[in-house]
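Some notes on the structure that comes next.
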Amino acid sequence: MKDYFHERPGSVPGTLIFDENTSPAQLALFDWDGMETQTFEDIEPEACTPYLESDSVSWIDVRGLGDGQFWQQMGKVFDLHPLLLEDLVNTPQRPKVEEYDDRLVIISRLVVPRDNKPGFDSQQIGFVLTANYLLTVRERLDLDLRDSFEPVRERLRANKLGRCSVDYLAYTLIDAAIDGFFPVLEQYGERLAHLEEEVVAEPTPHTLQKIYQLRRELLELRRAIWPQRSVVNLLSRTGNDPIVSTDVRLYLRHCYDHVLQVLEMVETYRELASGLMDVYLSAVSNKTNEVMKVLTVISTIFIPLTFLVGVYGMNFNPESSPWNMPELNWYWGYPVFWAVTLVIAMGSAIFFWRRGWFETTSGFEED
Amino acid sequence: MKDYFHERPGSVPGTLIFDENTSPAQLALFDWDGMETQTFEDIEPEACTPYLESDSVSWIDVRGLGDGQFWQQMGKVFDLHPLLLEDLVNTPQRPKVEEYDDRLVIISRLVVPRDNKPGFDSQQIGFVLTANYLLTVRERLDLDLRDSFEPVRERLRANKLGRCSVDYLAYTLIDAAIDGFFPVLEQYGERLAHLEEEVVAEPTPHTLQKIYQLRRELLELRRAIWPQRSVVNLLSRTGNDPIVSTDVRLYLRHCYDHVLQVLEMVETYRELASGLMDVYLSAVSNKTNEVMKVLTVISTIFIPLTFLVGVYGMNFNPESSPWNMPELNWYWGYPVFWAVTLVIAMGSAIFFWRRGWFETTSGFEED
Amino acid sequence: MKDYFHERPGSVPGTLIFDENTSPAQLALFDWDGMETQTFEDIEPEACTPYLESDSVSWIDVRGLGDGQFWQQMGKVFDLHPLLLEDLVNTPQRPKVEEYDDRLVIISRLVVPRDNKPGFDSQQIGFVLTANYLLTVRERLDLDLRDSFEPVRERLRANKLGRCSVDYLAYTLIDAAIDGFFPVLEQYGERLAHLEEEVVAEPTPHTLQKIYQLRRELLELRRAIWPQRSVVNLLSRTGNDPIVSTDVRLYLRHCYDHVLQVLEMVETYRELASGLMDVYLSAVSNKTNEVMKVLTVISTIFIPLTFLVGVYGMNFNPESSPWNMPELNWYWGYPVFWAVTLVIAMGSAIFFWRRGWFETTSGFEED
Amino acid sequence: MKDYFHERPGSVPGTLIFDENTSPAQLALFDWDGMETQTFEDIEPEACTPYLESDSVSWIDVRGLGDGQFWQQMGKVFDLHPLLLEDLVNTPQRPKVEEYDDRLVIISRLVVPRDNKPGFDSQQIGFVLTANYLLTVRERLDLDLRDSFEPVRERLRANKLGRCSVDYLAYTLIDAAIDGFFPVLEQYGERLAHLEEEVVAEPTPHTLQKIYQLRRELLELRRAIWPQRSVVNLLSRTGNDPIVSTDVRLYLRHCYDHVLQVLEMVETYRELASGLMDVYLSAVSNKTNEVMKVLTVISTIFIPLTFLVGVYGMNFNPESSPWNMPELNWYWGYPVFWAVTLVIAMGSAIFFWRRGWFETTSGFEED
Amino acid sequence: MKDYFHERPGSVPGTLIFDENTSPAQLALFDWDGMETQTFEDIEPEACTPYLESDSVSWIDVRGLGDGQFWQQMGKVFDLHPLLLEDLVNTPQRPKVEEYDDRLVIISRLVVPRDNKPGFDSQQIGFVLTANYLLTVRERLDLDLRDSFEPVRERLRANKLGRCSVDYLAYTLIDAAIDGFFPVLEQYGERLAHLEEEVVAEPTPHTLQKIYQLRRELLELRRAIWPQRSVVNLLSRTGNDPIVSTDVRLYLRHCYDHVLQVLEMVETYRELASGLMDVYLSAVSNKTNEVMKVLTVISTIFIPLTFLVGVYGMNFNPESSPWNMPELNWYWGYPVFWAVTLVIAMGSAIFFWRRGWFETTSGFEED
């Protein structure tokens, strides 16, 4: 996910900017009169004109951002304000709701977990909602089959949408967008659980890097869901807006609860991840402590003994004086030396045993 | 406790989803006319119909989420909106209050400490409150005897409820649900006190793991109680709602104070747990420091002495020169060596004694 | 201070619960007609009846929570709602203000520093305020002479209260309760200053334990003062309440400033205590660093020398070859060895001196 | 960027203070009647008078703060309140919007990334907006060609502004100012990514210094953008202000979204930078741990062996007793010694191998 | 600065309490009729009476808190409410604005940097503002010449105040009080910059102590400025107060911006100081790491060599067996030993060189 969109400072407002590798735009039209659905795939914007004013529910679904020419046509057919066009095309914009005369514009985000690797893909979804039709614009063509709208398209084709009104269709799509956050959340819950085990079992610097990466992605996820809170809240509350009926607002209130659930989980995961950081740091300290203990035990046992053997390696001349190292000539000298050595070594070992230094403490025990 | 409920993104709103291991639903009906209580256990939804419109206080108590067929019947008998059904069955939902025409729907949570191990069990409880009857739906059958509703059922059977109105009955149950948080809190207070002692007495990495686990569970507890704050506040304040009488609102205000107390304690425990983390980290640092001191004392005493004995183990030929190690032939050579050795050892020991390195500082002293 | 009160979940609301070691209740009545004060100590509740309706200012002061029978009488004499009784007796409740018809109920807390040891004692104080009388209920009998109400009783006995109205009396007591926080604060200021010196002069793990304990008590203090903020704010602002006159509200606004001062100081102390934690941790790191330096200096000086003496302790046979350790037979061999030794030792020492390793850095210098 | 402006306490309000190295002021006038633009560069304030009352859109653009005499003229020509003058000249002021009778005064900030080194330059920009003309005052002359206003001047010269009204011109400039934050943000995103790699690849104390510097600059950036939030929000919302038309407010709402995006990114970067600090600290701990392991492995292998060779360097006299070091005379004595030595060394090595101490863990692996 | 004022709990409200070392009170009167200023220094309160009702602007300036008798006179002359007297005399009170009938009471604080040492002096300043006169009360006499009011007194004496109204005079003084925070801020900015260099160049535990002290003082500064925010905001906004004219409110809005600037800088400095703490801790870790490296390099090079020389110090009898240390009799034995020694030493050195252990990393490099 790009972090933000920005045009060249000072350029004309409403300038549409297209990335070099933008997908071409594909336009599909679903027209439903409550009985049956007509589907037109890959058509030109102009082909939509007859359906826009009809009483049936029309959903114009654009995937891929296409090029300037395409949007010039779109602007003409759907009568789109230049700023509105900018919101739809210059992605990513911040999620928001805006009223333009007789239409509502909603900018939201779709997320979908990556297929084979951690992380999620994210794209902007724009809604233009009038009394007669719903126009949706999604950024990317390649995520299409994995994203949350495909099931809705299928339900529409199968004539199973449930209620024949444009606002209900819009709700269904917004609900699908929000529900799309849950599988992503699930992935993070699993990664966090996995990291908890890793920190316990065998913490490496790589573990830390993974925790940092997790925190970074959760920040990104939070940035994607946070503004949606006020979007859905606004939609579910505004007074006498003629576009969204009271009935559909009831459904949107449910949607709002789901946004709150997602937000609460993201915050919970962030707190857990930051707690894991502390656990990791303490695991490293414990490992250093263990290494130190090994060194200290070995050194403390052998250093005094090394001194002792050094003593009897000295060359004081026993012939110069009866006081000079008479031990060297004792009958039991060498065995006594070994006895003393063993006593010292055992003593040190018992001393460390009593302090609990031989217990391995680097691993977490399971509850 | 599952973290959140989520259906497949894009699926039809109001779809009821049943876990494979959901308990079958058991329905009980208590009908009280102020004089005596009629109790019907394990009945079919249809059997409730005659009591729903009567003037007596009827409590329909459903335990276990059952299956789709059961809820189809329920929906018909109690005239439940599909979204309302979703709130009751697709658990866990976020605690909330919603008005549907002539009824209040309250989603709340019941918690109960685990029997033999740390932690708590948690289940969703849904209330549907009308002027004539109260319907409650609890998720799990197995927690029944331990949860906070059993005493209310007993009081009802014993005709000791106190006041004959549906809203007062609802209040009694909500109050019981909130009061159920206190035994759980008590458990955490005890675990925290236990951990404080453990960090002081013998901190192991296992201690840290316990602190992390405690923090994790407190986060979960917070997530369970936090939304109830606005639920109970809303119930105790809403203006002229005909379902909850002003009198019962007075009782709910008390309930609200208890929610605040629970919240404050959870926050306090979280702060204490995070302070304990710091204490633990510092305990580990102190232990490393102690290990270092042992190593340093031993090394500093013996390393110079080992050098000294090495000196007199050298083989400079005393015969080549009078300057070559004449000490080896001195009469008092060896005794003087021991005297020097003792002086050095004692000097080092006194040096370290003065710096306080022999004091054990790893344990906390009691106040 | 108990953290919270809780009855058995599901029990009848308004049930009064008495601890086994609750003090018996002592009731005193002060009746003041602006000219002189009549005092009755240790009387029965019924004896208050004649004074409740009189125009004089009557203060009924109950100390100790007593037993059920006592409160049954109280309830009858003062016409107390069951929930109100619960607030007074089932301590601790959260500080709050409630209106019951013609009376105000205020729950607040009294704190008093412990006599000979750190910490504070805390008890609940409940006010029932009507136009004609003031009823106060304090939890504990044993704190009586040390708490902040004794001076007010004395002023009343000495006829020096200042103004003859029930609301002014209530203000005087609330003000005394809030002012009672300052001596406790002062104690914490002193303990903090003492800990700052200790962390600087000789940090031990016991210091850390004291900081943790201080933070814990400050959390408790915060929990006691925080809800009083909205209590006093509410009292000083509510519009046309007939019980508290505009004039007394002016005094309560002063009281509110004091609550804010207490809160600000508690927060400041908490931040300082958490900063001290960091200073302590860094002191421990510094000490480890110092220990390491001692070890490193000693080892670095003597380990190469020990190698050197080892070299000349080798037994290569000088007779097999002129290349085999000819040094051993040199005339100046041994003196040269000592010269080399001294040069190496001095070199190392100068190296460490230059790096500043001989400076003691474990203690803080005073500004 | 200076942190704040302050005059000598107690001096006369409205005193204009000029830095010694303030740039001289350059005044340019753009007058546009919707058809063509007249441009006057480097003119005197008085020369503007005829254009101020005309119907055409006049933009008076002052660069450099100049001296007292210049502002005296400005004050007279444009009828500026002394406090307004202070806001324009005594920089930096806090970004804000103020209404003075028939004019709006907006204080904002322009930022621009530094050319060849990290960081950004920042200058104050003041707007005085009336129905007929727009006066802008920028602090510095030297940033002119790099800042975000140059493209607007070019568009104006090329007659491509788009809409002929003063408020639209003001919006264009405010929008350019806000958009100017994005290139700066981009620079911080890149520096952060670079630091993430550095912490992973080769963390040095210099890395830490860079992180600290980054956090410091992000704090400064936040201080520059934070007050603009309420500036733009205020401008885009105020009710029936005759100066800013409803139409232009729509554009300003877009601008507001951009401010929010900048703010969110700054906060995100700050959180990431503070997470990097933790990663750095843990990297240092890991390095210490590695050093310790090397020392411990070497010591643990060789210290016991050094004891062993010391044993056979002792001079116990084999002639005094058959028990005195008979090994020295064994036929296989020396080879057996080497065998034992190898066994001990291999044993230690295997022991450490098993514990994983030979694995290098100091570097982060890539995902 | 004392942290708070507190009387004995339970004492009579409005009791004035005087410290033993309170300065005597000095009263000065400035009376200005717009043309010229009459100045009376060191007069009695009664001498002010004739000027209080006159139309001219009278400023009664009291320095030093004096004694009870003085304030009794003041109370009589200025008709001061007992609570108002308490606010003025029992310092420090929390900054606030209160309305008493026809007068405004403002409690604020004056700060001034200490002369020769770090830190700031702080005193309470109370304003009593009526339509005809302004009474100001400052706590301390000794700060007089250094504080921000002296320049205002001088301007008044020189007849350069600018506008002849009591509210404008009050604004001038409040503005001077706020502007007085900037030189203090400047001092903290400098101390912080100095500490940043010190942490980089040579961090000692004394550095840490200085950072802690800085954080402590910034907390105190924040406590002094924070409540002023709402004081000045209240003054600049209140609707139709007859005492402060709309015109002067415009000036006070400027003042409010300055308060916000001070607050933002204090918060910024606090964040920077807390970031410095982390840098310091990491510097200590780095130093430990360096010490460890020295120890490890020395030990790793010499410990194996010491083993080697020990080997050839053994006394295995070459005569018992051809296998017993034949090396000792080799012709090139001793030179080969040195060759091996050099190879091992060089090998270790190269190994450590490659790992970068010889690079000094304890100092920060400059950008």
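Details
Think of it as A, B, C, D and E in the order they're written, each chain with its own count starting at 1.
Here is the rule we use: a contact is a pair of C-beta atoms (placed from the backbone, for glycine too) under 8 Å apart; a residue touches a chain by one contact, two chains touch by 3 or more.
Because the structure is a prediction, the values reported are computed rather than measured.
Residues touching across the chain D-chain E interface largely differ between the two copies, under half of the numbers being common to both.
Inter-chain spacing, taken between the CA centroids of chain A and chain E, is 41 Å.
Averaged C-alpha coordinates put the centre of chain C at 25 Å from the centre of chain E. Along chain C, residues 281, 285, 288, 292, 295, 299, 303, 306, 310, 313-315, 325 each make contact with two or more other chains. Because contacts link each chain to exactly two others and close back on themselves, their graph is best described as a ring. A single ring links the chains, and its order as traced from chain A towards chain B is A, B, C, E, D.
By the touch rule above, chain C contacts chain B in their complex via residues 3-4, 6-13, 83, 86-87, 93-94, 96, 98, 204-206, 208-209, 212-213, 215-216, 219-220, 223, 227, 277, 280-281, 284-285, 287-288, 291-292, 294-295, 298-299, 302-303, 305-306, 309-310, 312-315, 325, 327-335, 337. Interface residues of chain E, counted against chain D in their complex, comprise 148-152, 155, 160, 162, 171-172, 175-176, 179-180, 182-183, 185-186, 189, 200, 250-251, 253-254, 257-258, 260-262, 264-265, 268, 271-272, 275-276, 278-279, 281-283, 285-286, 288-289, 292-293, 295-296, 299-300, 303-304, 306-307, 310-311, 313-317, 320-321, 323-325, 357, 361-365, 367.
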